[in-house]
Amino acid sequence: MSTTTDHGDERVPTTASPQELVDEARRWWQTDIIDVRPGEISLRGYPIQELIGNVGFVDTIWLMLRGELPSRAQAALFEAALVASVDHGPAAPSIAIARMATTCGAPVNSAMASAINVLDDVHGGPGQQCMELYLEIDAELRRVGHLDDMVHLDEATRLVLQRHRDAGVRYFPGFGHRFHPLDPRTPRLLSLVDAAAAEGVVNGRFAAIGRAVEDAISEGRPKRIPMNVDGVTAIIYCELGLTPEQGRGVFILARSVGILAHAVEQMTQGGRIKGPMPKSIGYTYTGPARRPLPNDLDR
Amino acid sequence: MSTTTDHGDERVPTTASPQELVDEARRWWQTDIIDVRPGEISLRGYPIQELIGNVGFVDTIWLMLRGELPSRAQAALFEAALVASVDHGPAAPSIAIARMATTCGAPVNSAMASAINVLDDVHGGPGQQCMELYLEIDAELRRVGHLDDMVHLDEATRLVLQRHRDAGVRYFPGFGHRFHPLDPRTPRLLSLVDAAAAEGVVNGRFAAIGRAVEDAISEGRPKRIPMNVDGVTAIIYCELGLTPEQGRGVFILARSVGILAHAVEQMTQGGRIKGPMPKSIGYTYTGPARRPLPNDLDR
Amino acid sequence: MSTTTDHGDERVPTTASPQELVDEARRWWQTDIIDVRPGEISLRGYPIQELIGNVGFVDTIWLMLRGELPSRAQAALFEAALVASVDHGPAAPSIAIARMATTCGAPVNSAMASAINVLDDVHGGPGQQCMELYLEIDAELRRVGHLDDMVHLDEATRLVLQRHRDAGVRYFPGFGHRFHPLDPRTPRLLSLVDAAAAEGVVNGRFAAIGRAVEDAISEGRPKRIPMNVDGVTAIIYCELGLTPEQGRGVFILARSVGILAHAVEQMTQGGRIKGPMPKSIGYTYTGPARRPLPNDLDR
Amino acid sequence: MSTTTDHGDERVPTTASPQELVDEARRWWQTDIIDVRPGEISLRGYPIQELIGNVGFVDTIWLMLRGELPSRAQAALFEAALVASVDHGPAAPSIAIARMATTCGAPVNSAMASAINVLDDVHGGPGQQCMELYLEIDAELRRVGHLDDMVHLDEATRLVLQRHRDAGVRYFPGFGHRFHPLDPRTPRLLSLVDAAAAEGVVNGRFAAIGRAVEDAISEGRPKRIPMNVDGVTAIIYCELGLTPEQGRGVFILARSVGILAHAVEQMTQGGRIKGPMPKSIGYTYTGPARRPLPNDLDR
């Protein structure tokens, strides 16, 4: 390194006193989530040693995100959605990336990071976007004053979908699947929401909205466009009061399980610098034919 | 883009038939974990619709990693370790990074990825390294034939620790804490391991090994070097039969909960391009004083 | 791992012949950029061994992104923008993250990845967004037919800015700085653009547009809102014909230099699990006071 | 969020005065690299406005990493190594990942991050490891006092290689290639090193060491194991005095160019959630056959 002279103190000019600066620095990071002092940790006010062994992992996810513990019935419905989302196989880019990463020498944290990173708007966003759609229909119903009965549901649904179509939307997140004619996760999760609604655990409002969307977008088509796992987990997360951002986050938590399992399996299988395809398949070059550098290369 | 001529097919030369190439390509990605066909998904052989609502999220993590479902008692001990590991506050680089990332415009997947990525050997590895240490002591005991009784435990522990010290190791992963004089998670988790051992859920062998390590490294010191959360979760994961790599992975899964909660909280708080400290604090420049370019700049 | 039975071949049903499948697989990845065969590599058609030593790194960046080599004068202007963007110090979250990552045990690739990842819309996007703004003004000028003279520039600029203000935009990317009253990079880069325009290397159109934006947004304010490094590099990238996406990409390439330098410097400095602030500063907990678990905890 | 009470100040206890705390906080981040004050930026002491337009991008990379500017001849050799490393096509996992990421909705920063992240020990480390090997041979020569003449080079090389073989190393980084019988980048770069050594720009010592390694590992084999791009860039970086860590870093900078170009090309090509292979190829499931949940499922 170069010889150094300690002549710089890089900051914006300030007239604050040392105490004011310390106070400002201490407020720079603040959180409602966790209180850590020497020998003490509490999450949302609950001492960690009381949570451990008394409260489940799913309850803790809920507590960390929302500030309070769920009821057992809320946790059970939430848990079903998490279980449904853990994996969809190595043909998904996120899973393939986790596996490729380990063959590049990446440890499990890094393989998981590269994989989770691609759960972006297209690969990881449909659940969140579907929640936003449902909430928009919900807001439309509330706007016209139909809070409790759902008689105007189809109308509100059509209105909202049309708004999106007018804005250029061609397909709706949470409906249809590129691989499954009928997503096997959907009917099972829907029946759990219906049971929870029957028991008063949730309201059932978003299950109705989700079905109304499926009806509306399938109308006039030879084949229904059935709700997929994103469409039905969006119902569950809306029923349970999660925000769309939280919904996306818990999908990522769930899928992280599959990402981890595949990363670890690939480590066991071995392989070095695994590309997307065998070398005997290769890829196709479509660029210019081999050419010399220009004669007048000006440098 | 440039004008293209389709003249390239980039691959290694092969004499394989098309069918052989297809077969090779289909074997390129293979997995024991998940079977996905149109309309069907099963995890480790279990249809997803049977898992949903019948099997918990923690059971599913275990199933995905290990191939079979845990017993209820195994899952409970595993779950306690997961709950213990969800967060340690925004002073940890991983959590701070998740929060900073959201203020840079990163969506939740990307914020989580940047954060998880730094759970590398130093920040996320001690649990894994501690498992490796315990397993090394376990192997040493087995090597000298003391499989069942633990009378030679202290000797084997000292021998293994000395081996590490001879290789330059100065401190041992899983013991001591930079912040907590006594980690509040340790006694609670240890008592759960002991209870599980008393009920025959686990063997108790690694709880004894962990305590022997604590004794050995504290010997001759004015103050004990107490087991921390990594040391005790390493006991649990070893007792339950996880590999060190899996142990690191499930720590990451658990800590992802805190990472997500902090990312979402920061989104709610707002802020743009949040640096590590307020600008009034700034940073210190220790390089060369301001200087002109050299006179003889040769270009 | 579980006992395995090779019974699955996960794919969508197909009636394609093996040869058709191989052809489809070979077309799955295709590129105009690079031709790699055993013993041969060419970039955009140029053999790598001819590029090496004859063509500069900046020329190669241009070639890779755009398909053809730049003139020397184009490369020089492009290079000036790259040099200007390499670093803005450890108070920037990206740089702080790179440094924190290395203290967590992350190797340099991983530290760089976590850092680059946060160059998202807010931290890394203003240059791209500013290019889009300039191109929108350019399109507005073209729409009304003023291709060559710029007499209607102020009008088009005001119209476009008003469109953004009507959509809720409060500040414009590329103008104003949270730290610098006047960004020292701006006048120097602007003078290089002007010189290049005088020599016919570029058109000068976007330099005029950029200045018109600065005038328009400063109008009626006590103090000008001066163009910052994003505003002026956006001029350069537009003048040189890069797309906004490419502009963001080359900013990231440039900033990666600073990210790397800081990561390596932190490795030299050492440190373990470096948080954003010293522990004596800590953070502020603003959540609920310590509380016991609910009495009626239902599990 | 929960109702909050500002009762927490999470930090380690301290008796430091406010001024001492401020000083500690200000020293928390310190750097020799960049001095940023309102209206002023300098890199390694040089004002940014003097660097822009006068100093090249490659010079700036060198300056940022090493503290001083290179000579023109040093920069030219360094630049040749950077040009050689920009890309190796979409069959490489890093490039494939960048392309897949964009089809998942990831912006260019995020696609680049996921890709760069996998340039870990196996995919991005051989150059660094080869530098370490050369430096070990260099140290061995110095140890036995042969600083200037290289007469004992073969002996020192054999001794070091044997040491690695004894430790279980089966192949050496920087030699051999899975795809190229002869790497087209090697002879061109070697001739540039030789020319630079002839002109006294570099010493030539590491070129000799690299060739000695190639001789030694090829000895007794039917076919030579030729030096690849990592082996020859390792020579260049050692000749120029970079550390192995810096060598890995600059390889990543160079490869980032290819990563960016492929990410942007994929954005132009479009595609959504692009997996590693077409769906008609799919993958192979090798796990347990479909099975019902156990009858005695204990939960």
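Order as written gives the chain letters A, B, C and D; numbering starts at 1 within each chain.
Here is the rule we go by: a residue touches a chain if its C-beta (ideal position, glycine included) is under 8 Å from a C-beta of that chain, and two chains touch if they have at least 3 such contacts.
These numbers were taken from a predicted model, which means no experiment stands behind them.
Asks: Report which of B-D and A-B is connected by more C-beta pairs in contact.
Replies: Greater number of contacting C-beta pairs: A-B.
Asks: Which chain has its C-alpha centroid at the greatest distance from the C-alpha centroid of subunit D?
Replies: A
Asks: Is the contact between subunit B and subunit C built from the same residue numbers on each copy (over half shared) or from different ones (under half shared)?
Replies: Result for this pair: same.
Asks: Please tell me the distance, in whole Å, between the geometric centres of subunit A and subunit B computed from their C-alpha atoms.
Replies: Distance between chain centres, rounded to whole Å: 21 Å.
Asks: Distance-wise, how many Å sit between the C-alpha centres of subunit B and subunit C, to the nearest whole number?
Replies: 32
Asks: Could you please state the distance in Å, as a whole number, between where the Cα atoms of subunit B are centred and where those of subunit D are centred?
Replies: Centre separation, subunit B to subunit D: 25 Å.
Asks: Provide the list of subunit C residues touching at least two other chains, using ranges where the numbers run on.
Replies: As it turns out, subunit C has residues touching two or more other chains at 1-2, 4, 8-12, 21-22, 25-26, 28-36, 38, 44-45, 47, 51, 55-56, 67, 89-91, 96, 106-107, 110, 113-114, 117-121, 124-125, 179, 265, 276-277, 279, 281-289.
Asks: Taking the complex as given, what residues does subunit B use to touch subunit D?
Replies: Subunit B residues touching subunit D: 1, 10, 12, 22, 25-36, 42, 44-47, 50-51, 54-56, 59, 67, 69, 71-72, 75, 89, 91, 106, 110, 113-114, 117, 179, 265, 268, 276-277, 281-294, 297-299.
Asks: Looking at the complex, which residues from subunit B come into contact with subunit C?
Replies: Per the stated touch rule, the residues are 1-2, 4, 8-13, 17-19, 21-22, 25-26, 32, 35-38, 44-45, 67-68, 89-94, 96-97, 100-101, 103-107, 110, 113-114, 117-125, 178-179, 272-277, 279, 282-283.
Asks: Using the touch definition up top, name the residues of subunit D that touch subunit C in the complex.
Replies: 2-12, 14, 16, 21, 24-25, 28-34, 36, 38-41, 43, 47-49, 51-53, 55-58, 60-61, 64-65, 76, 79-80, 82-84, 86-91, 96, 99, 107-110, 112-114, 116-121, 124-125, 179-185, 187-189, 192, 243, 245-246, 248-250, 252-254, 256-258, 260-265, 267, 269, 277-289
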